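Consider the two complexes below, in which chain A is the common component and chain B and chain C are the respective partners.
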Partner chain A sequence: MVFSSLHFLYIFLPMVMLAHRFAPRRLRNGVLLVASIWFYAWGEPVYVGLMLFSVAWNYLTGLQLGAAARHSRRRAVLAGAVVVNLAVLGFFKYYGFLVQTLNGALGLRLPDYQLPLPIGISFYTFQALSYVIDVYRGTTKPQGSLVDFATYITMFPQLVAGPIVKYTDIEAQLRKRGATLAQVGQGLERVILGLSKKVLLANNLGLLADAMRASPKLSVLSAWLGAAAYALQIYFDFSGYSDMAIGMGRMLGFTFAENFDYPYRARSVTEFWRRWHISLSSWFRDYVYIPLGGNRVGAGRHMLNLLVVWLLTGLWHGASWNFVLWGLYYALLLILEKYLTGGALSKLPAGAARALTLLLVTVGWVIFSNTDFAAMGRYLGCLVGIGSQGFADRAFMYALRSNALLLAFAALCCGPGLRQWQLKLTGRLPLLAVVLFAALLVACTAYLVHGSYNPFLYFRF
Partner chain B sequence: MTERRANARPVARNTAQSATRPATRRAAPQGRGGVHHAAPERRYAILKWALLAALAVYTVLVVGANSARDVDFSVIRSAIAAAPGVSELKTLDENGFQERMDATPAGCEDWLMVGSDDIMDVSELMIAKADEATLDGLEAAVQKRLEAQLAVFRSYGVNQKDLLEGATLLRRGNYLFYAVGEHADQWEDAFLACIR
Partner chain C sequence: MKKKRLLFLRATAIMVLALVALLDVAFLIHRDRATSPLENRNLQQRPAMTLQGLLSGRFESRFDSYVSDQFPLRDHWIALKSTLDRLAGRTESNGVFLGRDGYLIQDFKAPSEADYRRTMDALVDFLDRHDDLAQYVLVAPTAVTVLSDALPALADAGDEVGYIHRLAEDLSETPATFIDLRPAFAEAKASTQLYYRTDHHWTSDGARLAYLELARAASLPGDTDGFERRLLSNRFQGTLSAVSGFRMNQSEDLWAYIPGDGTPQTVVTWVSENRRSASLYREESLDTRDKYAVFLGGNFPQIRIETTVNNGRALLILKDSYANCLIPFLTTGYQKLVVVDPRYFTGDLEVLMEAEGVNEVLILYNAETLAEDTALRGDIE
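Let's turn to the complex of A and B:
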């Protein structure tokens, strides 16, 4: 089920919220669990089994870690759990990629099963891993209730596209939580805000990005316009989803950590990754980067650590070489920033540093969005005038004129100013908030009634 | 990547917990229905082995249900040609495919598409054999085609709308199958019989 569908918004969500609200406290997790399985089964009935395996496996691992006496045994249990989690993720997500690569490189004829990707597998596997590692480290206690643990893994607001919620962050809320009417209102406001980002901004920006990409001949400016439109689309798409997840969590009494912090205002690539998909960056920092030694090692080892982390981050996003390249691109940028250009960058005026970062990130999205290397090469070439149809053309002028308002408004929404102004205004005039968000909901509904299929981009990860 | 060293260290939550060895930092399971603390770790290990066995069976079933025999495409062509209703439709060439799907079949290893000449008849059938990336693109093209057709017939073509809403779109191995029409189920059976 997709958040930005009428069925979800007007049937599933109200039913679940009411059932959760009026259920006795001890049954609330059960209600949420059943709803989450229903939500997942709507689009992926076959893979519910895989998700339930993950729940049962990691639940038992937690208990086993709690019961194991010897340190060596605990280590073995953890290693086994990590291997199985990664093997499941590897088989269902990366098997086809690996087989195609091996067949292509070595001329083998290994069977490629072309299994559909289980939605959300990367997200729930990482949540489960964070739990077992935290139990091993002693950061948290093993969860004794299967229902509570299953609720944590399967919770529908963040099940299919994050944010990746650490068990320690909601451990207490799994046992006891409540949401006042004001919190439910705030949550609903956040849901509508996220929905608007997705339906009103991301989907329309996606049309522009697709049109530019589909064009057989691009001018330099058309290529940049398309790349900028995609950069804005993916931001509003993913941060919109995160807003909806956080909002729904709040309505249910959970507090999920923020996943975005106006990333396009970053003054360096390092800062960008502190502001973009924060839950994923934090996960890799806590469970891969720091255990590898982080930056408290020699320069060579530090570079290797960055390379490993970004290779994995790239692969996490998809089973395709362009994601590997995208990860390496960021590893290189971060290494350069740390050891070569960081000092100079910090001396640049804020506007120039932001523009440079935005430029690098936009180029990164071109790599990210093109699984076909030939198409990627052509597009990157057009950005610098190689193989392009001149510097600017009519198609660019037409696209710019037709989308000027959308682009300007989207750019405005990339900073905190508009949101702060809205909060200030609606804080003074609460009725205005009701009118504003009701209008946004009506506008989104109108789009959804007449709109077409609009999956979230991050569903495929 | 930034780092906060403190995060890497366990937070002592229990006064009995030692800060040095994870083994000494164990704590009783929490929550409702908590498992007895003295429960042998072996029991959990046995349950996990059983789970792994279940996962193996599940994986075999999923792979079996999704995989397809690599058959000569002519076998599929013959089976589809003999299926009911197909002879009434026109076999489309590359241009016809492109017109309807707004996508090219150029990247496919092989493909077939039939459709009606009558613009009020929504019947069409497409089968393509290709690599994953090409099939991804074709699947998206089929989705768009279906939406476009639904947008055309939603307001006045009751039968057409029903047929479009009942369209079959499935992937098996290297194949993509898409069918709309009264005989779509029989076409699907004919296709699946070839690749199983």
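Let's turn to the complex of A and C:
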């Protein structure tokens, strides 16, 4: 199921919220668990088994870690859990990629099963790993209740698109939680904002980005317009989903950590990654980068650490070589900032530093969005005038004219100003603000109904 | 401030709850619609839940479609979305431009080079093969060419003019007469509505003007005085508004030229339907959304029209739907019209031409359909 569907918003979510609200306290996690499994199974029931296996394995690992006293025994249990989790993730996500690469490079004929990727596997595997590692480190106690643990791993608001919720963040709320009417309202405020980002901004920006990418001949400015539209699309898409997850969590009585902090306002690439998909970058920081020694090592080792972390970050986003390249691109930029350009960058005026960072990130998204290297090369070429159709053309002018309002509004939403204004408005003219939010919900509904609009048959005749 | 914020949060919760409850109750009690006239398709009905359907995912995808298709006030939501798009400055949707003066204008999509060549080669070959017949090719420009002033500013429309130029040039080698409507249409457009505002067809006035141009080339009666211009409907909502979602509440007049006392009698035969009538119009269509189907009842593989004009002239028409409202004028100049729509026709054209004793050929398309068409070349090859 996806959040941005009429079925989810008007049937599934209200039913689950009501059941959760009125269930006896000790049954709440059970309600949430059943709802989450139903949510996950909707449309693709086969992989429910895999997810439940992951739940059971990591639950038992937690108990074993709790029972084992000897250090070597604990290490062995942890190693077993890490291997099993990564093996499952590796097989379902990377096997096809690995086999194709090996077959291509070495002329082998290893079988490729062409398995569809289990939805959310990258997210729930990382959540499970954070749990077992934290139990191993003694940061938290093992969870004794299978239902509570399963609820943590499968919770539908963050199951398929994050944020990656750390067990320690919601451990207490798994046992005891509640939401007042005002907290439900706060959650809904966030859900509506997230839904609007996804449906009103990201989807429409996506149409523009796709139109530019599909065009057989691009002018330089068209290529930049398409790249900018994609950068905005991926931000509003992803952060919109995170907003909805955080909002729904709030309605259920959970507090999830923030996942985005106005990333396009960053003044350096280093800062960008502190503001973008925070739950993922902090996962890699806590469980890979710091254990490797972080930056408290020699320069050579530090660069190697960055390289390893960013190769993995790239691969986490998808099993394809362009994601590897994208990860390396960021490793390179971060190393440069740390050892070469960082000082100069910090002396730039804020606006210039932001523009430069945004430029580098936008080029990064071109690498990210093109799994085909030839197409990526062509597009990057057009950005600098190689193989492009002139500097500006009519298609660019028309696209700009048709989307000017959308782009301007999207750009405005990249900074904190509008959200601050909205918070001020809700504090001064609360009823007007409610009307505004009702209008947003109505507008999103109209776009969602229109998504199934499919006129045809007699058109051409 | 804090108190007001609290009020906002509580009121938001109640507002959402009320809105969702309202729509859900409406969803539960309203009767499911079987079809959507607007979209001209069947809507998804409530699927039956079976274990097999659930496990395969078929039930789920049908259920999701069911919720969207039967969502209360569906057509209004769709209209609202298009209005919001307009407010945001969008002037194109599904290949339809939101033009000035209430015009919706279909974009022109040029054919691929290979498609163009195949159709052109087939045409040239067909025309050369039948150089004993009088031949006319009439490729009507669409609104995107004639009403280009009405396109939204900076609109990046396809090059229909270039396409028509190229057709005329390539056909000049053949025995056919190419009838170029652009000068006549350019001159008339200020005083006459040549195209519907919500539909991709030309109006009966546009068709009449085209007939007069054709009449000069083919020595047909040079006036249409025997016809009476009559309003058939003032509630015509064309396909362009349905396709684009723009101006979905706009309706317009649909006029027709109805043969009067001075015109020849006709017998119309819809060959594959085995139906016969004296009238060139099917008035039942005026009660449906597809009102343009009033002309000849819509598109059929083969229609034969016999008239009381006793001049021995028999015309084969290879056509698209633009021809449907022009054909009545042709009944004054021909004894027989053999109307073939290649998109539906599956017979042997040569055999048909022989059997009907055809001695003239008219190829009548609008540029947009001809550019996309792949059926014509199949029938004439």
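What we mean here is this: the second predicted complex is superposed on the first by the 451 of 461 C-alpha atoms of A that agree within 3 Å, B and C clash if a C-alpha of one lies under 4 Å from a C-alpha of the other, contacts with A are read in each partner's own complex, and residues count from 1 in each chain.
The rule is short, and it goes like this: a contact is a pair of C-beta atoms (placed from the backbone, for glycine too) under 8 Å apart; a residue touches a chain by one contact, two chains touch by 3 or more.
All of these numbers come straight from a predicted model, not from anything done at the bench.
Trainee: Given the touch rule stated above, what does A:Gly185 touch, chain B (first), chain C (second), both, or neither?
Mentor: second
Trainee: Examine A:Ser281 and indicate which partner it touches, taking first as chain B and second as chain C; both and neither are also allowed.
Mentor: A:Ser281 contacts chain B only, not chain C.
Trainee: Quick check on the superposed pair: does A:Tyr379 touch chain B, chain C, both, or neither? Answer first, second, both or neither.
Mentor: Neither chain B nor chain C is touched by A:Tyr379.
Trainee: What is the contact status of A:Phe260 with respect to chain B (first) and chain C (second): first, second, both, or neither?
Mentor: The answer is neither, since A:Phe260 touches no partner chain.
Trainee: Let me test your reading of the model: by the given contact rule, A:Phe39 touches which partner, first (chain B), second (chain C), both or neither?
Mentor: After superposing on A, A:Phe39 lies clear of both chain B and chain C.
Trainee: Is A:Arg428 in contact with chain B, with chain C, with both, or with neither (first, second, both, neither)?
Mentor: Second partner only, chain C.
Trainee: Looking at A:Leu405 after the superposition, I want to know if it touches chain B, chain C, both of them or none. Which is it: first, second, both, neither?
Mentor: Second partner only.
Trainee: Once the shared chain is lined up, is A:Tyr124 touching chain B (first), chain C (second), both, or neither of them?
Mentor: The answer is neither, since A:Tyr124 touches no partner chain.
Trainee: Give me the intersection of chain A's contacts with chain B and its contacts with chain C, in residue numbers.
Mentor: Common interface on chain A, chain B vs chain C: 452-453.
Trainee: Which chain A residues qualify as touching chain B in the complex?
Mentor: That would be residues 26, 46, 49-50, 53, 56-57, 60-71, 73-74, 80, 84, 88, 91, 96, 100, 111-116, 136-149, 174-175, 270, 273-274, 281, 284-286, 289-291, 294-296, 306, 309, 334, 371-372, 452-453 of chain A.
Trainee: Going by the contact rule set out above, which residues of chain C touch chain A in the complex?
Mentor: Listed in rising order, the residues are 1-2, 4-16, 19-21, 23-24, 27, 38-41, 54-55, 57, 60-61, 63-65, 67-69, 71, 74, 77-78, 80-82, 84, 88-92, 94, 153-156, 200, 239, 242-243, 245, 290, 298-299, 320-321, 343, 369, 372.
Trainee: Could you list, by residue number, the parts of chain B that touch chain A in their complex?
Mentor: 1-5, 7-8, 10-13, 17, 21-23, 25-35, 37, 39-41, 44-45, 47-48, 51-52, 54-55, 58-59, 62-63, 65-67, 131-133, 135, 143-144, 147, 171, 173-174
Trainee: Which residues, counting only chain A, touch chain C once they are in their complex?
Mentor: Contact set of chain A toward chain C: 5-7, 9-11, 14, 42-45, 181-186, 188-189, 192, 204, 394-395, 397-398, 401-406, 423, 426-431, 433-434, 437-438, 441-443, 445-461.
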